[in-house]
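Which chain is which? They are A, B, C, D and E, in the order written, and residues in each are numbered from 1.
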Amino acid sequence: MAQPAFATRFPGAVRRLPWLVLALLAVFPLLAPTLGLEYYVGFVRRVLIVAIAATSLNFILGYGGMAALGHAGFIGVGAYTVVALVEAGVSSAWLAWGGALVFGGLAAALIGAVSLRTRGVYFIMITLAFAQMLYYLAVSLRTYGGDDGYGLYTPLAMGPWLDGAHPDVFYWVVLAIAAGVFALFSRVAHSRYGHALRGIRDNETRMVALGYPVFRLKLAGFVAAGAVAGLAGGLLASHNTFVSPGMMHWTQSALLLVMVILGGLGRRWGAPLGVALWLTLEEALKMHTDYWHWPLGVLLLLVVFHAPQGLAALLERRGDRQGGAA
Amino acid sequence: ADIKVGIALDISGPFAALGAEARDGFELAIEKLGGKLGGQPAEFLRTDFGGNPEQANQLVARYLQRDKIDFFTGPIGSNAALAVGPALFAAKVPYLSANPGPSAYAGEKCSPYFFAQYQNDTYDEAAGKVANEKGYKNVVLIAPNYPAGKDHLNGFKRLYKGAVKDEIYTKLGQIDYAAEIAQIRAAKPDAVFFFLPGAMGINFVKQFVGGGLKDIPLIAPGFSADEDVIQAVGEPMIGVLNTAHWTHDLQNPANAEFVSAFRKKYDGRYPSVYAAMAYDTLMAMDAAVRDVGGKVADREAVLKALKSPSFSSVRGEFKYGVNNFPVQNYYLREVGKDADGRITNKLVGTTLEQHQDAYVGACKM
Amino acid sequence: MDAIFVFEQLLNGLGYGLMLFLIAAGLTLVFGIMDTMNLAHGSLYMAGAYVAARVHEASGSFAGAVLAAVLVTVAVAALLELLVVRHLYRRDHLVQVLATFGIILIADDAVKAIWGVAPLMASTPAALAGPVQLFEGLPYPAYRLLLIGAGLLVALGLYLLVNNTRVGMLVRAGASNRQMAEFMGVRVGAVFSFVFALGAGLAALAGALMAPISSVQVGMGEAILIPALVVIVIGGIGSVRGAFVAALLVGLVDTAGRAFLPPALRAVLPPSVAADLGPALAGIAMYVLMAAVLTLKPAGLFPARA
Amino acid sequence: MSAIPLLSCRGLEAGYGASQVLFGLDFEIRPGEVMALLGRNGMGKSTTIRTIVGGLRPQRGEILFDGRPIQAARADHIARLGVAIVPEGRQCFPNLTVREHLVAFADRRNGVAEPWTLERLYGLFPRLAERADHMGNQLSGGEQQMLAIARALSTNPRLLILDEATEGLAPVIRDEIWRCLALLKAQGQTTLVVDKYVEKLLPLADRNLILERGRIAWQGSSAELDAQREVWHRYLGV
Amino acid sequence: MSLFVAEGLVKRFGGLLATDHVDLTVAPGEIHALIGPNGAGKSTLVNLISGLIPADAGRIVLDGVDLTALAPHQRVRHGLARCFQITSVFRNDSVRDNLLLAVQAQAGSSFRCLRRREAETVLMDGALTLADKVGLAEVLDRPAGTLPHGMQKRLDVALALAARPKLLLLDEPMAGMGPEDSLQMVALIDRLRRDAAILLIEHDMDAVFQLADRISVLVYGRVLTSGDAAHVKGHPEVQSVYLGTEGHA
């Protein structure tokens, strides 16, 4: 296997890397105009939002072994929560996104309560089924535009100190949330709860026999992930200023899964790396050719055969493994 | 500097077939214009929306912030049009739609920056009138179960005077229509009006004819019976009545030139309405740039020039209503065979003359 | 609503179910029995449809077209197996998802490059183009009878192959414990290659037979993949009998949902509500069925492996 | 005894990744012979077996089966030459019925005079006949063990390898297995056995091989071993 | 006075009556061995008692608490822990992590999610104590999957012990062990006597006769007889269906 040469040679750099990345991301909007990269502020913002969703999926999949193929459903629930609240006259971003978080979590609680009784491929498929139901529900929901989607053209207010209409402010808010979510999940991964979740992934029967309330533990993780995905959906709604059922289609769930596996399952940096690489490539390839799908396909095959643990594995120190492919 | 045009293509995803038609129209126009607009050097930036309205916004942001485009055109889907409109309007970039004319932009949310080719419901209104003229007393309507499907059926009912026996809404992307066809057989209508875009229409017509209902006439808005569908369905399409604001055998010099150039470039294939609209859109831009003498930065002037078009459109005479949606003719077409035995649409007659959409009243502009 | 109408709809449901089974058959074999998640099954289905459509148009022979579709697709699949899939059998499901998703992306672009994005014409063989009179007042599309027959034949063949032949046993043994099967002398690699090719052949057959009644276009494989997966999951992964029963069940429920649910709702609910609810519910009937089945039986109707 | 050994290993070295487990084993099994492979836990008995049947590539050395080198052959090929194994941990197929376990691989005769038919196997383990239609994973631990033995016999092997085959069996059944092995021996079945019940194994084995940390520490006949109690004590922990 | 009582346990697998109205008691401090032919239903019985599979009928009481309606993990909380016939440890984790996981289950509050587990000394101490008890203190950092079989089995037992069980269910703990490891395991079980009552399933008769205070013989899902070693050895039917020659040993 490829040796993480960089990491072993510069362990200190690796430890400081997260802070460096965070700092770079934070000053990026200030530097962007001078570098002529204004457009990329919005792009990075999207990457961050998708990374939030992917991080939550990585949490339940990589650490909890729950391969959910309906994660886009929760993103959609979050986005439509924002739509519904805006339609009902809410103008505060915090309320709207808070609502997205809550309803994402509620949806996950309901779906999880049913789905988590199944295992393996059955779990994959039942989560997919629920997400498809949500998709068709949204398609036929006339009030919120159905298949035509719903535009959110007035920016949400972020309170007296923050100018919600300013794209850079929104960027920093997203960055802060992303960093928070990321830190939170990394933290949780090393807590009692995180270890319990990994135990369930590795040997569920044994965990039951050890006295763990396995179902409740899994459900808690599922709900947390659903809530965070809902939050990401809310942010995405604001970012796109537009919501349509397409964002819940099963292919979106599949893409999210692909990005997470590409980045590295159950690895701290897996989700953001996978998302950043995938979206960047998509963006770049589209500009140059009509046939922009196949290089991505080739990339996936390369990863499967040459970096089966994902990209993060190439960067991480060997001993720092937090759990392998489920 | 060059004049920059952002062209959003939909060459992958659900609208890929239509998107490819539009792309061919654009390419032909760019070739004809020698890569210039109004004699000025121009840059045509193409990108693939993939039929995804969420990503559409991202790509338009790139056009606006990085490329600083002067014109926008392209996407096939109404949802994409609705998604990207506000950003374009705010940036004062004229958006010449190469296909969708959503009712929102025709009415309440109309904008001086948006120019349509038709309003989504007008095809159906024309089809409703056709049903009247043919003397159909009872029709069954069928469309996918989403708001646009309902809009299209409502458009049909707006001018149709007979009775509606049944309104069937099907699942988006449905493959099997046996149950619906049995319902139609049981209802014994005089005709069936269907709005089923893309693959859904192809499946439906094939199965409809295979199910032995060939004798019940089919009426459709032009989208459901254009070249893409006709070429995929073949024989069973023959006799399908459909309405559109353009057809390839429409007699006018601009159209004759377009159609023959198109067929020459794309090995004998007839252009579809999507290709025609894409072509026309660039012609409109070309004329407007010429009218303002290349000073595209003066957006007021550009809008004024666009509003009173000085080019000969492939669809013949038309003018814009207050909402920038055209007032134009709508034609009845029937699928048949041309002189070479190729199955294609043939012009039957004019159904609506200088017709305006139903939403213009709501536009305060 | 008379008896004939109800009967006709039942027949439609069975027909649709068998159609689904035809599509799911290859998937059952490769995914259910070999335990390899092959999302690219849809791409093979697409390949079959495209080749059949083209050959049919060029040669005028439908049987020849179906045969060509199967042969070409099997050849492509053999190559695919050699280069990619062979190395995936031992990997976990998620890796298989990743790799075969990659294949889908490549296949769609390849088909686009070869045949363009416009849907292809795929006509019904003239002899089967119209309906036949099943009995008084019930015409039924002749071509669908062909599909029903093909579905039944494939179901029977697959059942016998998997349950009553040694190849079936060897495949199952190899899938559940490859090394042990090798210790027992099974050429697992060769058996798997054979089964994958067979699965591809079935996908191509389904594609070729479905082409005349559905749209032959890029992305057709993905659209069909989900219903096919739903079918084998409801039936219980690895069980041919399960897939068959589930296919019929899904066909019936879906058709009944479309045919009877909207009028039933109209009878009991206010029209505007019924108009919105009926089609919406009918559209998700298949998914509701799957969720319900898995809630009651978490390993499908006929769990093959406990 | 025939001159050419059925199986011979020369300078066999094998291991897992970086860790070497076997350090140069030299031994041979002659046709019709029962060879016992002894040693405490973790000394490399299973590793030796795994290497012979092709489950593990040797790092060095040579394995000859019937005079032909097989160290580079694939496991399935070796099996078809007539080597059958009852592996550690049974490894029954969860998705095959008991009956299928016994017919699926039973197409080889290997020149055996009295081949194992389904009836004979059921006769050996009546319990399996009762469970004929159960899936492999619906059996009790001991039933699985019986099935694994019967499955190996069903291929009429020229060399039968048993790795802890009496593991988890009731004492009566263990007796049954010993009787069966004695019977097989009488029929000329060549066998390599690993088992923890050394006292039961000795009367059966022609020769014994004791492994100590991947090396052959002692080898000799059962009579010799029986006489050398200190060898028992030193290498077998009893 | 019995610590543990099972009454009228029944389990059917399709047409097969795997557990046929079994009554069973375990006294405090007792090692109660369960023997019987393969497929007699011993593991099934353990699964019923531990709740891993639901019983069709019957009742289970431990230390006066009726456990019948409780989920498996709740039974563990009430002092019913088990080991598996096939060693079941977390193979990729170190021995330390294995033990920590077990200790954590006992400590509860597994929903605690912000404190790093490494910082929780309570858990660490518990893990070390356990490792000492079963003799694994030297190999704390090795991945469990790479341990020799005997050690894995002892780890398995340690995981069950973490729950501080009142009744410990051991399903063939000696399985796959050579004589040396077997002796160690026998010694370990003998020591555990002080901490918990034990229900022991084992085919190694030396171990059974050495350890068991009482032996019940299960045949075709039913208890054939019950008594001390001498009684069981002398029972002709037990000899014929189970012990064979070992009965005479």
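One rule holds for everything that comes next: a residue touches a chain if its C-beta (ideal position, glycine included) is under 8 Å from a C-beta of that chain, and two chains touch if they have at least 3 such contacts.
Here is each chain with its UniProt name: A, C = Branched-chain amino acid ABC transporter permease; D, E = ABC transporter ATP-binding protein.
Bear in mind the structure is a predicted one, so any value in this text is a computation, not a measurement.
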{"item": "For subunit C and subunit D, chains touching each", "value": "none"}
{"item": "Comparison of A-C and D-E by number of C-beta pairs in contact, larger one", "value": "A-C"}
{"item": "Inter-centroid spacing, subunit E versus subunit D (mean Cα positions, whole Å)", "value": "30"}
{"item": "Computed distance of Cα centres, subunit D from subunit A, in Å", "value": "52"}
{"item": "CA centroid of subunit A to CA centroid of subunit E, Å", "value": "43"}
{"item": "Residues of subunit C engaged with two or more neighbouring chains", "value": "108, 112, 279-280, 283"}
{"item": "Residue list for subunit E, restricted to those that touch at least two other chains", "value": "none"}
{"item": "Touching two or more other chains - residue numbers and ranges from subunit B", "value": "11-12, 145, 171-172"}
{"item": "Contacting chain pairs - touch in the sense defined above", "value": "A-B, A-C, A-E, B-C, C-D, D-E"}
{"item": "Subunit B-touching residues of subunit A, taken from the complex the two chains share", "value": "36, 38-39, 42-43, 46, 136, 139-140, 142, 145-149, 151, 153, 236, 240-244, 246-247, 283, 286-287, 290, 292-293"}
{"item": "Interface residues, subunit C side, partner subunit D - complex", "value": "166, 169-170, 172-173, 175-177, 179-188, 238, 304-306"}
{"item": "Complex contact set, residues of subunit B against subunit C", "value": "11-14, 16-17, 19-21, 145, 167-173, 175-176, 178-180, 182-183, 185-186, 198-200, 202-203, 206-207, 209-212, 214, 228-229, 231-235"}
{"item": "Touching residues (chain side subunit D, partner subunit C) in the complex", "value": "53-55, 74-76, 79-80, 84-85, 87, 91, 93-96, 100, 103-105, 107-108, 135, 137-138, 151, 155"}
{"item": "Contacting residues of subunit A [partner subunit E, same complex]", "value": "187-188, 190-196, 199, 202-203, 205-214, 217, 220, 323-324"}
